[in-house]
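Heads up, the next two complexes both have chain A, just with different partners, chain B and then chain C.
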Partner chain A sequence: MRFRFQRKYLAIPYLVFFLLFIIVPVFLIIYYAFTDRATGLPSISNLVNFFSDRTNVDVLVISLVFAMATTLICLLIGYPIAYILADKKYNKNAVIVTLFIMPMWINFIIRTGATRDLLTWIGLGGGTHPVFATLVGLVYNYLPFTILPLYSTMLKMDRSLIDASYDLGANPFQTFTKVIIPLTKPGIISACTMVFMPTISSYVISDLLSEYNIVLFGSYIDLYFNQSNWNFGSFMALIMLLLVGLSVLLTRKFDKSEDVRTSLW
Partner chain B sequence: MENQDYIIELKNVRKKFDDATDYVVEEFNLKIKKGEFVTFLGPSGCGKTTTLRMIAGFDTPTEGQILLKGVDISSLPPYKRPINTVFQKYALFPTMNVYENIAFGLKMKKVPVTVTKNGKEVTKMVHLSKDVIQKKVKKALEIVDMEDFESRNIQTLSGGQQQRVAIARAIVNEPEILLLDEPLGALDLKMRKEMQLELKAMHKKLGITFIYVTHDQEEALTMSDTIVVMSDGFIQQVGKPKEIYDEPANAFVADFIGESNIYTGTIFPDHKVKILNKLFEMVDTFPLHQKVDVVIRPEDVIIKEQDQGTVNGKIVSKIFKGIHYQYVIMVGKNEVTAQSTESWPVDSTVSISVLPNNIHVMKRNIEVNIYDGYITKNNKVCFADFDWECDVTTLAKNSHINEEGYLQTEDGAEYDLSDCEVKVYVDLDKVIMDDKVDECDVKGQIIQLVYKGDHYQYLVRNESDDFIVDSEWTWNEGDIVGIRINPENIKLKLKGDLKQYAV
Partner chain C sequence: MKLPIILALIITSSSLASSLSVSSEINHQKRYVNDQFQGQTLTVYNSSDYIDEELISAFEEEYGVKVNYYTFDTNETMYNQLTLQKEGTYDLVCPSEYMIQRLVSEDLIIPIDRSKLDVYNTYAAQNIKNKLDEMYTTRVKDDGTYYTLGDYAAGYMWGTMGIVYDPEYVSREDVKTWDVFWNPEYYKMASIKNSMRDTYVVGILHAYRDELNEGKAKFEAGEITGDEYNDIVQEIFNRHGEEDIALVKQELISMKENIYGFEVDSGKNDIITGKIKMNLAWSGDAVYSIDTAAEEADKYLEYAVPEEGSNIWYDAWCLPKGANEDLAYAFINYLSDPENAAINMNYIGYTSFIASESVFDQVVSWYGAHEYFEGTTYYSENEDVVHYNDSFYLCINDSTGNLPTDEEYFEELSEEDWPLTEPVDLSYYFEGNLQEGKQPIAYPYEDSANQLEAQYPTQEIINRCAFMNDFGEDNGDVVIMWSQVKASTNMIPYYVILGVGFFIVIAYFVIKLIIDKREKKYYQQ
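Let's turn to the complex of A and B:
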């Protein structure tokens, strides 16, 4: 029989990629997570070990707190910036947007190294102020990811709605809380997910900036993998996967009221 | 106070946007009575929406005052003005349903309430109660005939329904003035006609002052008590619909309101005006020999058998319009549009006449382009941001340009004309519009055009100046054209005395 090229064959590379890099690794993680390291037999010893040691849970909680704090700070800084950038009056030819996005062009390890040196130089380095330094590093790295989705939602926002709000007697503060925030909610949600999810698992930034004073969940997993404890590391990776999945579900629920989904997830 | 009869008054209002050089609204003076239905009518870009936005408070006038019941509100923010707006594209909040949209203004509102506190009477500002808001929203929905739509999502409504919600959202606040910015623009014709009548009825019922912005002359004529015709930032005419239709103040108004024949005529003795190469009787009094614009409405043209009327012409087209026929009759080189219920065959020669009081004669606005310019070093004249070739020897009799580039007169005196200020005159028909835009040094955009029987009169604008151009060629509004003027057609006149430029 002669081989006949069909359009569906074009999907084969993607299918292979999908299998090799997504499906297989996920099953590997699950497999390792539920097998005993010593015997190699299926067991729940990793689960028991994880929850019986306070340190593990503490590291998880600290990571969550750092992720939430970073998200919040990024929003507080990024929102006004995005708002100003989306106003053509201030941002002619989108030059300023490019300036804010530019750090993304440089590898983040180089950026983080520079941040560390700068902070140490002004006396706020990780040795003395580990929490501060880590937060600065995280916020600095993820701020562009906050600004970008917010900026694009605000660009699409119909400015006549703000006029309408003023017209109906709402002062600038009321207009902000009652009209502008609800209108930019899709942007806020995708900004949150874009910051929250990677910060939970980030560890290079905290390692470099806190000079190993702060151990986040990501570094913890890294630690176990480096010690060739694949089973315990995989179990923790699974927990993180579940947490990220949960946050996606949560934001979906938030976003349910929107008829047109404009957020990233 | 003397202003109390008027709910709102605009005094010498001018508006220029930050980065622009031209004013979009100029010398706007208008008084509006309480309960009046006023329409701002004009082509797009005439400044009507900007004026409305200044009344609403979204834009502040560059100069002048806006008085609300005699109090200057020009710098008051929009949320402090008792004025509400129905926006062109409705601007309904997509994050709220119909009820929440309408209730928005009421929820923001605070009303003074007198309460007794420790034996003292204290006036407190409180929000409206939920019941009051609900009642008011229900009533507003009733007025716009949308009772069952309270909990509907905005996106699920049709254009007409959104329009009604937008109106309800504005009137629920019981404003002193309701501003409507082309509110029916997005609706289809049938819907628009219906809404026109409904809006008019609503206006009667509510007794609120309506200020309505539209570019649709029919809409303006149907709905308004007073029409303000605007063009190019200026008020052209203010009047009742009938006044504006019957007695247009100038050719622009005549052309914009209804269909009309517009000609350039000359005044002759005994109340006669010469148009279409014949003398027509008129009622107005004008100085002899003056050039005037003459407006004749198509329905006022009387068609008769050949030689029975004032002037003969040939019917070149005939269109049936339902209750009448519309004819185009060529009289010499001029077109006359006429309407008649009688049927005349195409290509037949007929005679037309017009009753004296149907001949509307008005002063001609512009007969020549005048610019302020100066002579450059190489004896060109600079105006409209360009150095034009011209003949500077016309500035002094029997003069010529000598080798040094100075102007030399008969008696040998030399004059250095560089930087000397001149008035520049260019006849309307001597400005040439060229469609080879790239080959011309001066470009402009056609802002406005008026058909004047045998030619068009264009207003062409470039960054620095306007050109009024008479041309028999057809162009469209918005076209970019090149501008040429032959050197011999640029007439110069010195502003000062020639002597001061002596070398």
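Let's turn to the complex of A and C:
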């Protein structure tokens, strides 16, 4: 049989990538999560161990709270910024948007190192203010991810609707809650997911900025991996995967009424 | 990143060209001419920044072999790699003492043939080398005794653990005890290594400080010998039963409230920039910090090993199963060469197992004045100072065998430039390794006496230092304890915030449901 090139063959590299770097690792995690470290036999000892030590749940709660707080703060700061940026009056050639996105061009570890020095210099470093320093680092790193989706939805927003709501007698507050927020809802949702999911698993930022005083779930997993306890670490990685999956499902539910998807996910 | 790469290329190519042009000369000077290994490959796995890489190229050239040099950041990474890679991947690895014990119990490395390490045997500091034979593995010999670490490893670098501090902020009295990390006077001023074992050392020594001080008092009163005292420290050091772990956990959690934080590798720079005033450090890193602080920040730092006792550690070369044994021995011997060891020690800054005369001369040149010996060459470039007839002389012209009173080579120092006149005795390390008649003493400068002590601790300090065995079966429990310490924090605010968050989300949905229903009704009417 002669080999005939078909267009579907172009998908082969992607398929290989998909299998090697997504499917196989997930199965490896599941395999390790449900085998016993000492015997190598299938067991649920990791599950039992995880829920029998309160520290594990505590760390998960700390991570959740940090992810929630970061999302909220990013939204509070990013929303007005995105709104202003989307207004052609202030942002003529999208220069200001570029300025806001620019920090993303530099690797985050380098930026975090600089943030650490800066915070220590003004006396708010991780040694004395670990929670504050970590939040600053997280918000600083994920703010561009909030601004971008919000900005792109706001660009598409029909501004004449705002004038219309004023004409119909709405006050600015009502206009904001009944017109602007519903119109930008897809942007808000994708901004939330783009901040919430990576912060749950982020740990380099918190490690560096809190001087290792705050342990997020990612660095907790890393601690066990480093001590070559792959099984327990994998089980916790699985829990994190489930949590992220759950948050995706939740946002889908929010998002389903919208036919225009600007989200990356 | 482009520019440095190009630069590096230019430099290597030019040095290659120059080495080619003089290669015929070097051939004659080869000290280890040996064609037996021609074309073979040696794969070395070492801690990062733990060798002068020029020695590797020199080794390759002299032996006509290829060295694959890989590095790891922690012993645990090395262990993971060694277990994951197939047998025979590495010919030589350099882990710490406790990891060697683990590698032996898991049958990953093979015993060394001591007779093939002739250079190492000749030039190593015997007292330190013998310490490797005081540490046992879990493997039993044919005659029923246990194999020691010395049967499996050839020493590379060693040191103690202690505290680097800034004497401007921390009193010398206070760092004499590990309690300084719990001392509220130094609230948020100290950082600790983010390493389970090193932190455990501090915890266990603080937990049993009374027992340790009792032993020390007995030793000082002359009731027990130094060795017996060391046994006491050794025994306390290796407690890791359930109760001990719980005790250490309590200690470390209370310490965590008082310290600035944990650090991986930033501590040695943070103390220079002044972020912290105290840092738990290995002696080699301490020497680096003290040096760099003096050079770059004009800051004077000191190193102290607390009185209760501390950890003495060893990094040593081991042969994994399936290693190219003979070439590996050749490499260890090459690094143990008296000159090479000095070059290497100069680069790394840690204390080498090798206590050759070159190492001695180099260390004395760094920190103080030599006792004049006619067989030694003194260099003006090193600003060598010699002690002769109750006076000190600075070398101004390289000299061998000229008396310091010869004005062509030496210049007498005025008294205010003198180092300390009280000599430091280094015979514990260099005894028998120096030329006949040369005394193993040094006269350190006032501000480098501390550094010399960090590098070559007095015997009194060695007496109170113990090694820490692998936790063995208890390792899992210690890991859990460590993770609990790391995660320990006041959880109440977190649960409150989480609760409020959930409440708001639920309330939002309920209110929305009610409003929707109402609106529906409204439109239906």
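In this text, the second predicted complex is superposed on the first by the 258 of 265 C-alpha atoms of A that agree within 3 Å, B and C clash if a C-alpha of one lies under 4 Å from a C-alpha of the other, contacts with A are read in each partner's own complex, and residues count from 1 in each chain.
We adopt the following convention: a residue touches a chain if its C-beta (ideal position, glycine included) is under 8 Å from a C-beta of that chain, and two chains touch if they have at least 3 such contacts.
Keep in mind that this is a model prediction, so the values were computed, not measured.
Of the two partner chains placed by superposition, only chain B is touched by A:178; chain C is not. Of the two partner chains, neither chain B nor chain C is touched by A:87. Contacts of A:59 after superposition: chain C is touched, whereas chain B is not reached. Using the contact criterion defined above for the overlaid structures, shared-chain residue A:36 touches neither chain B nor chain C, since it reaches no partner.
Annotation for chain A, partner touching more residues between chain B and chain C: C. Contacts of A:212 after superposition on the shared chain: chain C is touched, whereas chain B is not. Once chain A of one complex is fitted onto chain A of the other, the partner contacts of A:169 are limited to chain B, with no touch recorded for chain C. Overlaid on A, the two complexes show chain B and chain C touching no common residue of chain A.
On chain C, the positions that touch chain A within their shared complex are 74, 76-77, 79-80, 83, 188, 191, 194, 196, 256, 260-264, 275-276, 475-476, 479-480, 482-484, 486-489, 491, 494-495, 497-498, 501. Every residue of chain A that touches chain B in the complex is listed here, in rising order: 158, 160-161, 163-171, 174-175, 178-179, 182-183, 185, 259. Touching chain A in their complex are the following residues of chain B: 56-58, 77-79, 83-85, 87-89, 91-96, 104-105, 108-109, 153, 155, 169-170, 173.
The residues of chain A lying in touch with chain C in their complex are 53, 55, 58-59, 61-62, 64-65, 68-69, 120, 125-128, 130, 210-215, 220, 223-224, 226-229.
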